[in-house]
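Two complexes come next, and they have one chain in common, subunit A, joined by subunit B in the first and subunit C in the second.
Showing the complex of A and B:
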């Protein structure tokens, strides 16, 4: 089986029509579905949060068969993810896409579990500590995208599970958990 | 007694008359009755299509009004048998009745129409349609006095005789041309070369004359066909006699030349002038007869544009417009012809045999794409065209049709446009890494792994 970095690729990655946006509706729907799964799976294992449409994204080309997705196809597959709520365009011109391989509420649950497991129920942490501290190492939270983290924390704040306080700079933005 | 006092006339399956070599249609008249005046007891040929050619008067039954096969009752009067054409008399009475044209033909003692018969009878044509009998009479007179059949008998005789006679014939004409000039003795290689030169010059001259203007070309049309026939004969004879010494290339070019010659001619194209209101109908029948051979060669299906080119090339000077062609094709629904017009979703229009089925093509494409090589690298329209024996443009239409049925997938890359068997349906969206141990995905996967 072919691999991309450490990511295993399915066999059909070598199927040339996989890289051409199919015009027949039924076939295209199936193709889009398969692409969505592969993109989410890849982003999850490689901890990718942002896909730039105009930048090289390893998944969007297969040098072995000399095929790559054109812009239209990339946008079609990412738009399908956006419709599913598994991605968001970061700008109006659809140049960058934020991939939510966990939905925001799933992220919030993961953070809560993290807090419980580490006994941080009443403590104070900076955002940077959560993303890159010792405690989060080995979890999905480690190295997660700041935008996604902030949105998950906001959701928890609205539920009264924590309070976000602003510091003098983004570096000392922090949260106080009150689970 | 039935209608066998007239000669039978052959017709094609689409109801067009079968013309003799070099016979040309000059006028078509709808709804004409043919009546034997001497013996009113004989059945009257009622309301049929009358065709005047340079050789014969043909009467064809009206295809809409008869249920029997049209071939059984089509009849002919050879113009050679006509002994007199009566001038039509203008009278007050004649203004209200259907116009009539009368002529005298010679018959055998038992009443059969024949050239140089001992007795004679009068035949009356009654024009019931909205036609112009006056111009018809003019044309009938023209054709009758033209005596085209006289030349035809000798021309066909020359065609049937052995090749040296044909060569001798052309040699004779060239020597008569140079009769006034100082005659050089035909000696040795230079003599042969000179003779050849003279022949080319006379050919060249007749070609130049022909292109002076279109009218001149029309009068020369018959000569041109004869010339083409002669050239074909010559090519045939030379390829036979020199088959040992000529190489393949020459033989191939000769065969090509022969093909051109053969495609020179529909001798009597249906024209607006000759057919009038019946134009599209007759054109439609002629087209149906014409497309049979090219269709067979092209595997039962052909692009409308290709047919247009072939048909007009065969017609020579009486070119038709694309619009006329389309109308002629769309009339096929009304006649019992073995071909049909078909429009693909992309807008491409084709002519195909009715027996030609899309299902069969589809199943052939199916077996083609499932070969291991095609699994791995896909097939292009050209590949499919080669295997199916059809034009690439047609093959592409069939591939696109198979794609729209979800059977094929496309691959567009700098390498071109290729089609693969559709494996998407076999991929499990919940587990993209799973390959089931059956189905096309598995088959494709095996082919792909085997090639690596």
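Showing the complex of A and C:
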């Protein structure tokens, strides 16, 4: 099986017609389905949060069969993810897409579990500590996108699980957990 | 001999006729008995053979197909019913029903990808992957037998021959001659172009496009506009080995 970095690629990735948006609805739906799964799967294993439509994204082309997705196909697959609630357009012109390989509420659950497992129930942490501290090493939280993290933390704040406080700069923005 | 007149003569003639008939009946009966005896000997020997080679029949697909052939020659169908001697002895009825169920399953699972037409070879490969745990190996011959049993369900399972390949159809689409010819043509590379169809089959443009459009609508073909030469290619998952890959991922 062909790999991309450490990511195992499904076999349809080597079948040229999957790189052309199919005109027949049923076939296109199936095509979009497998692409959605591949994109989410790849982003999860490679910890990718943002896909730029005009940038070189490894999944958008397969040099082995000399095929690449055109803009229309890229937008179609990502739009399908947006419809599923697994992605969000970051701008009106659909140039950048935020991939939620965990939904925001799932991220919130992961953060709560992380807090419990590390006994941080009443602690204070900066956002940067959560993203890149020793505690989060080896978890999905480590190195996570700041925007996504803030959204998950806001959700938890609304549920009364923590309080976000602002420092003098974004560097010392932090949270106080009260789980 | 001078024909003797009178009632005596008639009686003699009748008696002689009776004698002939009796003799004839005896001969016929003897022959039938002999035949019956031969058949029962044959049957018992076939049974002995089956009993003796039970394991070979169950485990060795080549042997199994030869056994089926032998049975067919003497008019015995071990699959005719799941009850009765053969099924009890060999359990092959169950074996084929199980295969049948798995084949239906695979055909349904791969349908979104191949439009309900799958290469027999691929089907067999997926089937074997799925049955890795099972003791018996499965051959294409077994698949064909299992599929022939599926016909009684009237669900449109059919094996069609396109060029050198056998394809298993699980949708009731009737493939027209034009479509068959395109499928056959596509077997060389897995795809065709309109130009190629026109040239190789000497068709006018409209005919080629019509047939290809139908194949697209049926979900049997996929377009590929990504080649450098800019010519649209029509790929047929049912003739490419890719179908097994996609299928085994999603199964």
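Keep in mind that, in the parts below, the second predicted complex is superposed on the first by the 179 of 179 C-alpha atoms of A that agree within 3 Å, B and C clash if a C-alpha of one lies under 4 Å from a C-alpha of the other, contacts with A are read in each partner's own complex, and residues count from 1 in each chain.
Definition applied: contacts are C-beta pairs under 8 Å (C-beta built on N, C-alpha and C of every residue); 3 or more make two chains touch, one makes a residue touch a chain.
Computed from a predicted model, the values in this text were never measured in an experiment.
When both complexes are superposed on subunit A, subunit B and subunit C end up clashing with one another. After overlaying the two complexes on the shared chain, residue contacts for A:165 are found with neither subunit B nor subunit C.
In the superposition on chain A, A:20 contacts both subunit B and subunit C. In the overlay built on the shared chain, the residue A:12 is in contact with subunit B and with subunit C.
After overlaying the two complexes on the shared chain, residue contacts for A:66 are found with subunit B and with subunit C alike.
In the overlay built on the shared chain, the residue A:38 is in contact with subunit B alone; subunit C does not reach it.
With the shared chain A as the reference for superposition, subunit C clashes with subunit B in the stretch 402-410, and the other listed options (132-140, 186-194, 240-248 or 402-410) are free of clashes. Residues 10-12, 14-17, 19-20, 22-24, 26-27, 30-31, 34, 66-67 of subunit A are contacted both by subunit B in one complex and by subunit C in the other.
Residue ranges on subunit C touching subunit A, taken from their complex, read 112-113, 115, 191, 216-217, 219, 222-228, 233, 235, 237, 240, 242, 245-246, 249-250. Listing the residues of subunit A that touch subunit C in their complex gives 10-12, 14-20, 22-24, 26-27, 29-31, 34, 66-68.
Listing the residues of subunit B that touch subunit A in their complex gives 378, 403-404, 406, 409-415, 418, 420, 422-425, 427, 429-430, 432-433, 435, 441, 444-445, 448.
By the touch criterion stated above, subunit A contacts subunit B in their complex at residues 8, 10-12, 14-17, 19-20, 22-24, 26-27, 30-31, 33-34, 37-38, 41, 66-67.
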